[in-house]
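For reference, the structures are reproduced in the following blocks.
Here come two complexes built around subunit A, the first alongside subunit B, the second alongside subunit C.
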Partner chain A sequence: MNPSGPTQPSDEHDPSRHNLDPHLDRYAARTAGMTASEIRALFAVASRPEVVSLAGGMPNLTALPLESLAAQMSDLIREEGLTGLQYGSAQGVPTLREQICEIMALEGISAHPDDVVVTVGSQMGLDMVTRLFCDPGDVVLAEGPSYVGAIGSFTAYQAEIEHVAMDDDGLVPENLREALARTEREGKRVKFLYTIPNFHNPAGVTLAVNRRSEILEICRQHGVLVIEDNPYGLLDFNGNIYPALRASDPDNVIYLGSFSKTFASGLRVGWVLAPHAVREKLVLAAESATLCPPTLNQLVVSRYLSSHDWMGQIKTFRENYRERRDAILGALEQHMPPGCSWTHPSGGFYVWLTVPEGVDAKAMLPRAVTARVAYASGTGFYANAEGSSQMRLSYCYPTPERLREGVRRLAGVLESEIELVHTFGTVHARTSSGPETPSPDTA
Partner chain B sequence: MNPSGPTQPSDEHDPSRHNLDPHLDRYAARTAGMTASEIRALFAVASRPEVVSLAGGMPNLTALPLESLAAQMSDLIREEGLTGLQYGSAQGVPTLREQICEIMALEGISAHPDDVVVTVGSQMGLDMVTRLFCDPGDVVLAEGPSYVGAIGSFTAYQAEIEHVAMDDDGLVPENLREALARTEREGKRVKFLYTIPNFHNPAGVTLAVNRRSEILEICRQHGVLVIEDNPYGLLDFNGNIYPALRASDPDNVIYLGSFSKTFASGLRVGWVLAPHAVREKLVLAAESATLCPPTLNQLVVSRYLSSHDWMGQIKTFRENYRERRDAILGALEQHMPPGCSWTHPSGGFYVWLTVPEGVDAKAMLPRAVTARVAYASGTGFYANAEGSSQMRLSYCYPTPERLREGVRRLAGVLESEIELVHTFGTVHARTSSGPETPSPDTA
Partner chain C sequence: MGDSTKAERTVAVLAGGLSHERDISLRSGRRLSAALRPEGLHVEEWDTDASLITRLRDQRPHAAIVALHGGEGENGSIQAVLEMLDVPYVGTSAHACRRAWDKPTAKAEIAEAGYPTPGWVVLPHSTFRELGAPAMLEAMVDCLGLPLILKPDQGGSALGTQVVRDKAELSTAMVGCFAYADAVLAERFIEGVEVAVTVVERDGELEALPPVEIVPESGVYDYTSRYTAGLTDFFAPARLTDEVAAGVAELGISAHKLLGLRDISRTDAMIDGDGTVHFLEVNISPGLTETSTVPMAIEASGRTLGMIYSDLVDQATKRSR
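Up next, the complex of A and B:
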């Protein structure tokens, strides 16, 4: 292309240019944990239509009644436009907070709207709670694996994350006791247990009901708060609703809720239910973070709840997701090579797959994408080096047919990897800089 | 009412109950600066219709074309509903970021959409920038007075705020030099200068054009970043558009913009334009704070910009605000007692009033509210003890007639205070716990 022969790459196209950051010595210490996700470039490839992405956590919204939402939205602007387009209170719209209490009542929670703070998705709730409680070096206990976005928030406030292992019934009380004893022996200060009791992201398991009071009791005994993150609670495939941890311990549990998985993630409406004294500080923290959550979005959710059969809509969502869960579990059963194991979710979005020893799921990802299937490598769900033989498969978004095709492709890639392991031993060191953290829910 | 005579107040109604916070020893050190604003209760009174509130900073939205917005909103849901209701990228919708660059071009800024990060109002931009740069104890320079919400964010990250005094032409370069020399002598680390160059909140002044390059030069020499907060830039009453600081120093200025004052505050759509390397970290910080800004709101703004005469709408807003500015300045001229002085804004929302020595504007506020007029006490706009003889009067929201009535009432209260001062000396100690920080913009 260049008739005068090869030239030096221009500064514009030199990838190392991005590392020449003149502001490098100015950043706060907390930015040390922030590194650009190497997977971003990969996701650009993974989002091509020919790739079956089992990587993202985007809810499937095709069942939403768009025509009726459109009419409702225009009524809202006509009737309440000057309110919806104006600043509101930092705590959120009162009517919506009342409706949120009605929703939480389904999980046995008795709460006052005064103690609810509306947030920009429950991610903001998580960030605000961490802001309130975590000094640098404080310890947060979290299931291992845990939600990527939670790890991001804890890291942003320089908290140390200690993982507590789960089994098929969720968090293991004995492991929690040991983790608390260990951190106490080390003289560290544990600020809270962060837990996703229902249809865990990414593990796909649910905390057994008979473990719930034991876990609450352990945390109370050790003076450790519980942060209960429950975005998937109403998405049980049999329509069960588990009792919230908050229901039986109002003073020691902060509950995070969200409309992202039961209505629409793009509205970014979530909430925090906190003990009264904490709630006051939470409102001040939220005010300094965003002044107030978007008023329009709160009114949209409030109208939707009062005028739509929102429980019927959730039932439709659940049926869609159950069909997909059945498809992916069936395909895993049919195609996965020996030595693989996986969880069997009864709700929510995710299956957690463990591959045979020697196979590095993170190193394998580029090859999977070449074979037109993507997943989220397990390492992103740990704050330490764990998770390299695991991956999260999301079944929420693709059609059942695409899910089956994706699993078939993944099985093919895994078979080649396992063959390599058998021939050459472990293959995890083959790529030195494989893709890392997935984007929390959005990729 | 109680036939058996007086009883102990029940726990429910005991106001001191709120101080019995069982979580008190668990909070992060940064929460020490968070105290519930005493003015909240007062604002409940101040928001009664009979009170003329000069306290809030709510834009006047009555000129918005609601009918056409309603139609547009329903088109949006019909045509792009599945996108608008779904998660988006943490950086924001690409089309909107392109449009934002076109808007900034009006101020002489040449920017690439890749370097724009959409935020939940520019408050979130401010919070994210502080998160990126400020360790506890780092110094932030800010005009004195400065924006309440900025002080809130800086405090949340335990930054120390050093005020730099202004005159009628905005920030005084010589004062900036002195502040930098002083903090350097004290061995403190200044991370950035936070400045609102145009139609300052709360001071109502604008940075003279001939000072702009000098201020940029001073900051560059001292290795100090500039955070340029410009929500009111397009609201000059003569239609002038001042050159942005960012326009002449792309590498050392981070620019914060907002649609809250030029379109609709309740959508919470703002943005940050940052040097490329900073932008990467900013996206990661934003992701851990809210995952992504609301997609729907970004599409609403984008459609509005591409299909409405948005500059014509801003012209209408400007005319409304100019009419109000004229009303309040005329009334101040007519009614204020001798010894008062005030700024003469040529755009934006605010007049900054200085009362005669001996009058404590903070202590006077309850009496003003009793006289059915409210304002924001000057103390809320300083991180130190300054501002007690000053107040912010917002003319953005009330009608011209109400503004004149409000100023008339305020003058009456001030006259009584001045009389008391003449009789008894200073009156600032009369109430021991007067109202404090106003809610940033929303009250």
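Up next, the complex of A and C:
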């Protein structure tokens, strides 16, 4: 480290030495990827109003009845403050768990409130499930691409992620069979399949109903548990509600639900529905993680569900998101250069865009930020190096006008990048350090 | 304006902006503000958006400090605005910023004055398109050799900077670099000891603070090495022989003078195996984050960030009288 010649040697105890992290040799191996990221830093600009951000996944809350919620919260503190501001059960408030069962019944799920564990967002549920099931080196199957928060949890527990490719109808059963056969041949143990069947994040596709029983059957045959993550299930733009996987296989599916997309993401209230034996362990795991989910927030959700037309509110959200979806798809059709393709979501928040061969969406991001538009590059949604020619476009937050302007800017950026690739020939995706997707508070 | 007590004086720390370095700038701004408050100044952190001019006009801060990195914060634009509105500010004038900010221009000026700087070429995308990239890249490698380092011709924090050791990596690296700027500076890569020297100007006198030696674990001082605490070892003062240390200090002071810089600057340099000090670039609004070298140099000089910048605020307000 100290070349001979111009410098004078010194040892580790040199008072001039500044290692800015004295704990460096104490960190667990799982922190290896927790470094500063050039890509992540660019998202700081996305929060500025000059930039049209298609990067984050923040729900659009402008349609919420804030005045009425304010009155409700005030009543809540007056009437149940001593409960709401106190510790609660690790499993969650019983009334809320009953209401959660009523919501899940819409998707064909028959569940008992005792089997529901309320969590700090469904992200905590995902973290706990991974903690319960995965030892380092265990294999988790996930769609390719997959939700970045899930990849983060699996990686934190040092699980190995095998992606299973999708098509326009979601997870392809044949690909799932092949992935299971391959991992079994390699002597690896697959612990579970993680899937987002409805309005997939980031792909925007929905698992065809006629594939659902086949997927469940394959997993049963191979002794693989299914983790069904369904935050967007009630956000179909035509008002359809798809049958949950959990509805047809209660013993082999763990269901993750959330109020983040249907009510308020800032309250951080989600849930896990699990078979009895798993639920017992989940409660203990939850207790060691947070003691209990925030009681006040649970009571807020519970009151909202009992005193507001929450289904009517979801209908309003759906209409808002449908208008935005139409705006972004129309703009993509109008502006995107040849060679691009994209998914056509019928619900949820996201479009998955594939750019022409040779364009590296991650390398292009600084150019986009200069042009005042941001997106999430595809590589962040894979645990391997895939996704370099893809990106996630979120249409949930900007207005339709801003979405159209954002896509127009993005098209210009792409055209310049395509020209650059033509000049230099096909290029290979660069590797980089640290997280590549925006933080949850990025619009 | 200059007669008011410190406690009555408002200092606007301009941080954020819309450049690729916004995140780093916000961190610099927060750290600087926290360092200045114990000095008795009333400090406000201002982002630079459409409200800036109205705010500067209405609130008339006693001085501004440009803690913006990249883009309008370093190319002279914000400085020109401050000059137009007659707001005293810490740092280099708009005119000098424009020269120092452009890496090839600064290198040429330093080279003309006789200081070594690694051989370089600067080329826009259009040249590659019109003359053909394969032949151009071949010529670039023939001229500079390998390894070489590609940098956006303007910008900081090592964003878009890549060391290329194999010709096969060159096309991909060029595309990555052009994502940050319209022209790429390709420079011969010098293996050696990387140092940063901070120069502080007080009443017309220039002082080079102890140079900081930078030893990245990965061997390359890229964005990750810069901003992940622990991935780089720093030595302040650098472990240099007296002769080399004097050469580094001289380079820092000369660069500051030759480029017409003001108040504070940081010069980055590389020392090869023979002890030759090579100029890399200057920074007119150097980073002040927890992992930045300027605060380390200030600490090694026995002072604090707050003391130095408080003095610079005094200097800026006196200058405007």
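Rule of thumb we're sticking to: the second predicted complex is superposed on the first by the 401 of 443 C-alpha atoms of A that agree within 3 Å, B and C clash if a C-alpha of one lies under 4 Å from a C-alpha of the other, contacts with A are read in each partner's own complex, and residues count from 1 in each chain.
In this text, contacts are C-beta pairs under 8 Å (C-beta built on N, C-alpha and C of every residue); 3 or more make two chains touch, one makes a residue touch a chain.
All figures in this text were calculated on a predicted structure; none of them were measured in a lab.
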item	value
Partner chain in contact with A:Leu106 - subunit B first, subunit C second, else both or neither	neither
Partner chain in contact with A:Asp360 - subunit B first, subunit C second, else both or neither	second
Subunit B versus subunit C as contact partner of A:Asp21, first or second or both or neither	both
Contacts of A:Val45 with subunit B and subunit C, given as first, second, both or neither	second
Which of subunit B and subunit C A:Ala32 touches, first, second, both or neither	neither
Subunit B versus subunit C as contact partner of A:Val369, first or second or both or neither	second
Of subunit B and subunit C, the chain that contacts the larger number of subunit A residues	B
First (subunit B), second (subunit C), both or neither touched by A:Arg131	first
Partner chain(s) touched by A:Leu420 [first = subunit B, second = subunit C, both, neither]	second
Doubly contacted subunit A residues - partners subunit C and subunit B	18, 20-21, 23-24, 35-37
Complex interface listing, subunit B residues touching subunit A	18, 20-24, 26-31, 34-37, 58-59, 61-62, 64, 66-67, 69-71, 73-78, 81-90, 120-121, 123-124, 127, 131-135, 138, 149, 152-153, 155-157, 191, 225, 251, 260, 264-268, 275-278, 280-281, 284-285, 287-297, 300, 439-442
Subunit A-touching residues of subunit C, taken from the complex the two chains share	18-24, 26, 49, 125, 128-129, 133-134, 157, 159-160, 171-176, 178-180, 192-193, 213, 215, 222-224, 226-241, 244, 271-275, 290-291, 296, 300
Of all residues in subunit A, those that touch subunit C in their complex	1-10, 14, 16-21, 23-24, 35-38, 41-42, 44-45, 48-51, 360, 363-367, 369-370, 372, 417, 419-421, 423-425, 427-430, 432-434
